[in-house]
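Scrolling down, you'll hit the structures one after another.
Shared chain: chain A. Partners: chain B in the first complex, chain C in the second.
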Partner chain A sequence: MFDLAIFGQHLLNGVLIGCAYALIAIGLTMIFGVMNIANFAHGEFYMLGGFAAFYLVSLLKLNYFIALPVAVLLVLALAVAIQQAIFKRLRDAPVMTTTLVTIGLSILLEHVALLLWGPQPQVVPTPFPTRPLSFFGIYTTPLYLFSMAVTAALIVVGHVLIQRTRMGKAMRATFQNREAAALVGVRIDRVYLYAFAFGAALAAAAGAVLGGFIPVEPTMGGIATLKAFVVVILGGMGSFVGAIVGGLLLGLAEALGAGYFSSGWKDAIGFVAVILLLLFRPDGLFKRA
Partner chain B sequence: MKLKFCVVAVAFALAHTAAAQETVKIGVVQPLTGPVAYDGNIYVNTVKMLVDDMNARGGVLGKKIELVVEDGACNPAQSVNAAEKLATRDKVVALLGAFCSTSSAAMMEVARKHKIPHLTGISTAAQLTEQNNPYFFRAVATTPMLGAAFGGELPAAVKGKRFAFLVINDDWGRSMVSSYPKPIERAGGQIVGTEFFQSSELQFLSYITKIKAANPDAIILAANTQHAVALSKQIRELGIAAPLIGEGSWTSDSYLKLAGPAAEGVYGLVEYVYTIRNPINDAFVKMSRDKLKDNPSKFAGAAHNGIHIMVDAIRRARAADPEKIRAALTTTDYNGLVGNIRFNEKNQAYGQDVYLALVKNGVPEVVRTARIAKP
Partner chain C sequence: MFIGIVLAGLLMVPLAVRDEYYLHLFIVSAIFVVVALGLNLIVGYVGQLSLAHAAFFALGAYVSALLFFKLKWSMWVGMPAAAIVTGCVAFALGWVILRVRGHRFVIITVAFAEIMRLVATNWVDLTRGFMGLPGLQIPALYVPGIGAIDVSSKERFYYVVLAAAVLSFYICYRLVRSPVGRAFVLVRENEVLAESLGLSAFRYCMIAFVVGAALAGAAGALYGHYVGFVSPDLFNFSYITIMLIMVILGGKGTLIGPALGAVVFTFLPELLRDAAQYRMVIFAGILVVATLFMPRGIIFPLVEHLAPRRWRKNHGAA
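== the complex of A and B ==
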């Protein structure tokens, strides 16, 4: 018995979560592509975005729509500080060193969050009505639609920034060949700073927006990092378009796989896909752009 | 200079042993970090509050009670290390804790090795009391016992026949799925769907959509605070109006506050809820509101039972001696928060009340009460 409304619901769930995966993964893939850093602390920026939005709205009573960009800016500022204090000094360090540093950073950020804000989950208060909307038996809420719109808009903005601006061009040049880019006058340190801060800001935006229906808690970054790595590997390390398509694919595969196959295998789907891909198409579905 | 240092060191050592003689040390292992840290902290804060109160009234055996708290993180290895440290370095005479059943299962072997009585008030996996471990006691009904007490009442309580499970994928969730269906089916209900979620998840849309396709009259859940908040919000957001029946944190203040309107009409299947009326609970609720600024949750209730049963046993043992305390625990006949508690030959508690509470206007009201039969 095939129920079209239920199928539509699975599709909608998949796109909603897929957009979020894509948004987090874009930042990760940028940091990897430009800086050659596998950032295991990426999920922590997602977590910090959620907490920042929560405290701005609930404690400082800031308007929700102002709090979201402010939360992202706060995390961006932290990312700038981290880049200047740590990764700038590790510019020529081997990948293993930077990877270990990001793992340490991830543990540090998670536990500082735990100390500062405690383990209790928080939900970012939103001005949206909680009553679900229904279209032909498919249910959603204004918040879900808003989240989808924001994540999709940010993905487009990110794409335009990379493809159309001078800094985007400099990033792409650095990605292709760092030495050559430096030779023609690209300021590598600045490119790295922009890539790291922008990547962290996108993850923070995902955390701030999703925090309205997925509770924010200090340990949530770990699984987000893993999922983002799945997406990045699916789409090809360093590929912007790959991260978008990979994110949507993973979201849809999880939703439909859990819906029609077995929900116990939901998390396995992405990782099995990664293993198969690495075996048969190690550059990802999309070769480096 | 060196001599002076030695004198100071010796003085400290003497002071330390003197202090050690004056207190009765009880070790607590609870998750203070990790996925269930929130509820673990509630347990610890409540035990601390109650011990302060007991000490203000003179402690036990004329000595002060000293709590030594360690983080087990709901992780078996870390819980074992914590218990080892408490047994060997701190020389505690009794152990309370480990939240998650897998951690308690690991920790009780440490208790057996060092011959220290170990009491849990939270871990409900049935097999824990089947290990022939004379040092391990459980002061809470297991999921099968709760299922036996309440499963048959659910169809009438929610006026429905079709039930679906959406439970956490661990011992607890799985034992729920294996123990509730029989009494439900005997009472005329049927099970139309079963889904397990992972503890690392907070986004359940695909599970919920799948359950929605089965069109249940009520959904039975096993979840603690952070999962419960996300589950109830997301279930309502996908347009399911069926009542939710949950084991876990479904009536705790933190859940009610965080879930807001999504908590309305939720049934909690609980070992303790703060709205029960008896003098012991009235005093407990007042103290919690004064000191912890919160109504006690079921984990606070577990803490109340645990520390009182243990201190009662120490008092009856007439000595801070682990072996004597263990013997005293077996003859426990404690009248407390949720009625009378005794232990059977497997050291499993029985005789206490359990509650089905319905959330109305943010307050869990007891709609049915059942008594746990001797297993």
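== the complex of A and C ==
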């Protein structure tokens, strides 16, 4: 029996998780498009954002709404350091080198987190009441709505920054043709730095906000990276809008797949789609031939 | 001469090492020599970064385990069967993915490995999911004319895995020293040039991919029967990481390097047991630093440095 309320519930969950996927994937696709690096350590920024928010709120007793931006800034600082220490050296390096370095970095960050904070999952304490809200038989919580609003707002802000600012323009130029961009005076090193830091900050924001209901643990970065890769490939490598649409699409597909098919197999949807897409539509779902 | 001394030394190991635990490490090392040599064919010789290798290893373990439980096939049949099945899967996968290169290739191999993990986890009727398949055994070896030899003790099983390691080293040695091996290197160094000489990059990548996967499958079967338990944990990302560390730090594109890398990076984590929580941090750090600053790895350059000049001339990196 088809129940509209249950369908709506799956849709809502799908959109929320899709916004999170999009937020993580935007950074990955930018680093990919601008620097030509498949950053396997990207999901670790998501994990670090979650831990930063958790410790700021629970240990330092910081106000939740102040802790979120502070957590993002902390991860941003770390991302700048990593960019300067490691990614700067990866310019023009072969795929083998860049991928191995980012895999190593991913394992490194994961195990440092394990060392510092232990394996137990943590939930970021939030000031929101936990009582569920109901609209037309669809249940949600204030925290869900807040998370959805924040992730959606950040996606819009990111889009505006890329489209309207000088740096955004420089990033798009670098993506289109790096040599030509350098020739007209775009400072490529700075573009790399900004793209990397910006992407890391968005992933950290996703981790901090979602940490309120998805437990934060050191191993969560790995699966986040893989999901973000799926989104990047759905939307086309390097495409900002593609990452947004791809994220929503994957979130919806997984929510509906889990709801109507099997929650164990839902993760396979994205990976199968990736293999098929890379073979038949390597530029993503939306690019016109 | 030199090879004779090394082989004699390897044969003496169970006599010299009475400690069960160290013997265990020698056995695991030998199994990972097979894995690392296989991965090296793909990563080191044709230069494609495959992250599906650990999935082939796990697939081999599952194939042999399932043949053992469902059809009562012993490991001596199960292991070659595992090699054949993983080789065939690699062929089918390679048929579609070896047409793409670079990032796409890497990402598809990850996606494949994840799908395999999900199958092992979710196809509960076949694989029992998270519960895994416990109770695998090492069967006796029937030799015509001699009869059954029990190889289930560590001392004896060591010779089985040693034979597997030596055999795979020999296979890889013959392969990379043949015209096929030279074609591998040309494909890695300059694919356009290789194609212009009429050497199909697709074909040589396929050979490396299938042989490498078959070795991983055979090693997986040995590993499954040795530890007696097969579960979806075998698909963990940590396996591919450690395999890559063995090959890259050993010295990709050489044979001695990855083989020694497998031994060193089986023993090293155990010697660092007191610092257990630091060891992945250390290894990952080494992987990052070595990839950036020591593209030839660590172990092979050391070996090369110590070896006599005549050897260096004949056995340098391809």
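By definition in this document, the second predicted complex is superposed on the first by the 287 of 289 C-alpha atoms of A that agree within 3 Å, B and C clash if a C-alpha of one lies under 4 Å from a C-alpha of the other, contacts with A are read in each partner's own complex, and residues count from 1 in each chain.
Quick note on the criterion: contacts are C-beta pairs under 8 Å (C-beta built on N, C-alpha and C of every residue); 3 or more make two chains touch, one makes a residue touch a chain.
Note that this is a predicted model, so its numbers are computed, not measured.
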| item | value |
| --- | --- |
| Partner chain in contact with A:L73 - chain B first, chain C second, else both or neither | neither |
| First, second, both or neither for A:L4, with chain B first and chain C second | neither |
| Touching partner for A:D267 - first (chain B), second (chain C), both, neither | both |
| Touching partner for A:G222 - first (chain B), second (chain C), both, neither | both |
| Which superposed partner A:V157 touches (first chain B, second chain C, both, neither) | neither |
| Touched partner set for A:L116, first chain B, second chain C, both or neither | neither |
| Partner chain in contact with A:P132 - chain B first, chain C second, else both or neither | first |
| Contacts of A:L108 with chain B and chain C, given as first, second, both or neither | second |
| On chain A, positions contacted by chain B and by chain C | 111, 114, 222, 264, 267 |
| Partner chain B, residues of chain A touching it in the complex | 3, 6, 9-10, 13-14, 16-17, 111, 114, 118-123, 130, 132, 134, 139-141, 143-144, 213-215, 217, 219-220, 222-223, 254-255, 258-259, 263-264, 266-267 |
| Residue ranges of chain B in contact with chain A within the complex | 32-35, 37-38, 41, 169, 195-198, 200-203, 205-207, 209-210, 212-213, 225-226, 229-230, 233-234, 236-239, 254, 258, 260-262 |
| Chain A residues within the chain C interface of the complex | 32, 38, 86, 89, 95-97, 99-101, 103-108, 111-112, 114-115, 222, 226, 229-230, 233, 237, 262, 264-265, 267-268, 271-272, 274-275, 278-279, 282 |
| Sites on chain C touched by chain A in the complex | 43, 47, 49, 96-97, 99-100, 102-104, 106-108, 110-112, 114-115, 118, 121-122, 237-238, 241, 244, 248, 277-278, 280-281, 283-285, 287-288, 291-292, 295 |
